[in-house]
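So that you can tell them apart, the chains are marked A, B, C and D in the order they are listed, and the count of residues begins at 1 in each.
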Amino acid sequence: MKVSKVMTAKEAVVKFIEDGSNLMVGGFFHSISHVLTHEIIRQKKKGLTIFAASSNEHTDQLIGAGCVDRIESSYNGLEVFGPSYCYRRAIESSIPHKVEIEDYTNFTMMARFMAGSLGIPYVPVNSMKGSDLLRHTAWKGENKAKLMKDPFGSGFDHVLVPALQPEVGYFHVQRADKEGNCQMWGILGDAPWSVRSCKKVIVSCEEIVSREIIGRDPNRTILPGYKVVAVVEAPFGAHPKNCQGYYDVDRPFMKDYIKKSKTAEGWQEFMDEWVYSVSDRDEYIQKYINTFGMRRFLDLKAHDFSSSSVNYGF
Amino acid sequence: MKHKYTNFTQQEMMAVAAAREIKDGEIVIIGTGLPLLAAFLAQKTTAPNIITLYESGAYDCKPVRTPSSVVDSVLAPGSAQTASLLEGLGYVHAGDIDVGFLGGAQIDKHGNLNTQVIGDYRAPKVRFPGSGGSNDIGVGCKRTIVMMAHLKQRFPEKVDFITTPGFFNGGKERETYGFVGGGPSVVISNMGLLRFDAETREMYLASYHPGVSIEQIKENTGWDLKVAKDVHETEPPDPEVIRILRDECDPDGLYLKKE
Amino acid sequence: MKVSKVMTAKEAVVKFIEDGSNLMVGGFFHSISHVLTHEIIRQKKKGLTIFAASSNEHTDQLIGAGCVDRIESSYNGLEVFGPSYCYRRAIESSIPHKVEIEDYTNFTMMARFMAGSLGIPYVPVNSMKGSDLLRHTAWKGENKAKLMKDPFGSGFDHVLVPALQPEVGYFHVQRADKEGNCQMWGILGDAPWSVRSCKKVIVSCEEIVSREIIGRDPNRTILPGYKVVAVVEAPFGAHPKNCQGYYDVDRPFMKDYIKKSKTAEGWQEFMDEWVYSVSDRDEYIQKYINTFGMRRFLDLKAHDFSSSSVNYGF
Amino acid sequence: MKHKYTNFTQQEMMAVAAAREIKDGEIVIIGTGLPLLAAFLAQKTTAPNIITLYESGAYDCKPVRTPSSVVDSVLAPGSAQTASLLEGLGYVHAGDIDVGFLGGAQIDKHGNLNTQVIGDYRAPKVRFPGSGGSNDIGVGCKRTIVMMAHLKQRFPEKVDFITTPGFFNGGKERETYGFVGGGPSVVISNMGLLRFDAETREMYLASYHPGVSIEQIKENTGWDLKVAKDVHETEPPDPEVIRILRDECDPDGLYLKKE
């Protein structure tokens, strides 16, 4: 039997996320690993450089908690819910401290992740060309992106963006086995390329399933186990965001976060309540039920829209 | 009954105007908010065969409720393909998508958009979320439809930061870049419809929405806005269209504010 | 309702494949569209340039039939079954006429298809570096591949290979709807990138299903309908190769092809029997049953290894 | 019963020798034929925790019968991931795969492989299938294991065409290219085991298989083959290993020829 990589969120973060790490934070608005994000915050990690196509409240919380020095991404906000206030405070007013951001676009970030996953050193694209995204850089200087004439003679320039291979990354999926084979379905977002690009991956999942369940539908595996160093079982681990087939977005909870995070004090209150005062995800769920009632908790649960079966036989 | 749907809002006028810009059979990449309602409205009225794409990779979606996000779980079941962000914007970058919707903090005379900063990039007064897929859509879609609130500070002569190129400094400048996408074809504000001169690529007023004057629009624009010779009132929405918009496209009032 | 793209193989080939086309021939040893290949041969298409990662008996037959002038690929052979004899005769002895080949590797071909699919103009790779694949070229000359110093300062060179966007391509899948949304599962091979790179795609499938069936499991869609111009329903359309969940490889049939194709005469005999003397796939199947018996035909059918269902609900 | 498994063939000796080269826990990309049997044998004997990858994108496979191809449908069900050719070789190109198997029409003194042509590239005497994934595996895997029939024309001093680089002209030349993969670690022929000198990167004879003489091997090699000081007979396979190879790895005789 291959070795089990199953551990708690606490163990995984202690073991694999160091201060100053280059950290890929997975999730594109949905299926975000809040279980791991909160653990990183509780463990007071410092000096992280974050890589993400687009970042939401989880990155906002990491910034607010002082864990982050630098971000390479294309978007930091909460989409329809509103802006990322901690991110704005950090950039506009250095609260809790200055955060630098290296701005790309969603497609160029994905192209960089894909390139890193496949050992392709850089990618020529048309995005960013002519824009101030190409003209300005935070700390990468000449290595943010380069304009180069098409060597195949189209006559046009392209923007070369460098591949990304972050030291470690984390994300949330519906299910994984104990060797780390990860399956995801429904909306995929930045997966699979963002996670494949990482040298090591920590995965949190709704359920740990047997290797046999994985093998029943291997096209759904978005990350092969060899990259995974830790598997954390965390039902409800993406709350307040949605996880297809498990639960929907918790809109009132998100609105509460946006409202409170408008001020540093309000944000601290929210974090004290939902992050610092609980020691793990189980306590978080219990607290949720105690605060909002069992009915609201159960109402988050996904209804049935089952896929049909296909035959893998031969 | 009917008069209930004659009191359309500025927001509703924008959604209706945007729906009119979509031709039947087109593939349209949409975000949340008004663009989503515009696409839904087009589907239910003049353009039943459009295909909707979301940058999350969901293609030809059949959501059973109004999606509240480009990754709303409702987008996957029933869609013809649920792939990933790489495909969602990859199809755009390859030049396969007809229409994209854009917005931003600022738009200038030549249709350049800013979703980055107000003030100095390194020490901004206000920091916005960033491009996301905006730049990719702006360079890749055959044409884009921009939707903006019409305020002087949001329509400056030059944006503080070009996140998403329109026509740069105008004229043929955009063509020197070899983009697969053609740039903005229209700006739909809460006050009027603005288009771009075919030669100079300067934005001009094509029509003013009902209840808004040309003077008001010029006052809320950061440069001396030119006005089309045939400038006219934007055709007001048919009450039946407003009924569909409110009751079928956004029955839960997710995006449309009540008067 | 969107327009139906359903037509016969005959109609699809008449309408969309012209003499002299740049043609992507899909399938990586398995799930190959023999139904469309045979139709191209019967319609005597000429001067094709073929693009494929790896090519098998279908390309061999196109070459033998004189349809092909040029090939860009990495491999032409029948794997364990043996060599592609028509391909060898064409290159070694100009039978039926000279065929040029521009040699790449499997990964570089896939990288080129991926790039074409995403509007990326070229891709830097490490494959081919230092090899004679980089030194020699058939007709592309300088545009086959270029060696370039890493502009991001690694100190190493990379090989730039140009993106591929073939005018038209064809492949075989398990199921598609009449708008051309294609689903495939099990072994994917060169899909999805080879087909996504094409400007137009003809798909043959085991079954045409409703749009609703597609929507029940949209993660299985490997090609969105907008690229597809023709949908050809052809059960058994990949025979003698395997199609996951439908039928297995017909090994005796493959061995017979290899044996007969050793000589131009033997090859002609095989083709007369299985391609030229039948007018479509239905006749081919009937002929197969008449020749080998119903038992052997039924024995090809896949056994059950059904996937489990996942919940797409919210 | 036991003596039934003492009459191993050259082919079986090769499979056994290859299995010995795989370390437990490694990720191995394999093709069909002997490499496949070698990996299966290793899994069933000394390296139960290896992970098999096929270039078709099937990863950690549990085939219920011996696969006859890298796209045999038997590889998908039970695998931990069935992705595509881009991933199968992409994982290799990224440097993630420990061991790859290679073969070819020719191999030379410095481990360069030819799977392209005999004779002139533009007008070849014999045209072979081409690289397929060979070049990708040769530049990407941490190390490669080459399996070849030992004939003089297949072991020339210089190959007619370098499809897959070994050590080029030897010495440190390979290192100048910055490949993630280290090159061939061993050549397993039907006559012996050959390795590469750590300095000169020239192939030398490390061991000769039972029943084969050093002289025979030198005669069948196209240059003056050097011989290790500690050259010795390749350890013959244990009959139990041959039993597993025949009866468990290839019960239907798909690859192993009967004596």
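Worth a mention:
As a working rule, a residue touches a chain if its C-beta (ideal position, glycine included) is under 8 Å from a C-beta of that chain, and two chains touch if they have at least 3 such contacts.
Keep in mind that what you see is a predicted model, and the values were worked out from it rather than measured.
Each chain gets a centre from the mean of its Cα atoms; the one farthest from the centre of chain D is B. For the interfaces A-D and C-D, the C-beta contact count is higher for C-D.
The distance from the centre of chain B to the centre of chain C, with each centre set as the mean of the Cα atoms, comes to 40 Å. Centre to centre, using the average C-alpha position, chain B and chain D are separated by 58 Å. Taking each chain's centre as the mean of its C-alpha atoms, chain C lies 28 Å from chain D.
Annotation for chain B: residues touching 2 or more other chains are 58, 72-73, 76-77, 82-83, 86, 90, 93, 140, 180.
The set of chain A residues that touch two or more partner chains comprises 111, 118-120, 125-126, 154, 185-186, 188, 216, 219, 242, 244, 248, 302, 305, 312-314.
Taken as a contact graph, the chains fit none of the simple arrangements: neither line, ring, star nor complete graph. Across the assembly, chains come into contact as A-B, A-C, A-D, B-C, C-D. The part of chain B that touches chain A in the complex is made up of residues 32-33, 55-58, 68-73, 75-77, 82-86, 89-90, 92-93, 116, 121-122, 124-136, 139-140, 161-165, 168, 174, 177-180.
Residue ranges of chain A in contact with chain D, taken from their complex: 1-2, 116-120, 177, 179, 181, 211-212, 214-216, 218-219, 221, 223-227, 312-314. Touching chain A in their complex are the following residues of chain D: 27, 49, 51, 58-60, 62, 72-74, 76-83, 86, 90-91, 93-96, 140, 180.
Taken in their complex, chain C has these residues touching chain A: 111, 118-126, 143, 146, 148, 150-154, 158, 160, 162, 174, 185-186, 188, 213, 216-217, 219-220, 242, 244-246, 248, 302-314. Chain A contributes residues 28-30, 53-54, 73-77, 79-80, 83-84, 87-88, 91-92, 101, 103-108, 110-111, 114, 125-133, 136, 138, 154-157, 185-193, 242, 244, 248-249, 251, 302, 305 to its touches with chain B in the complex.
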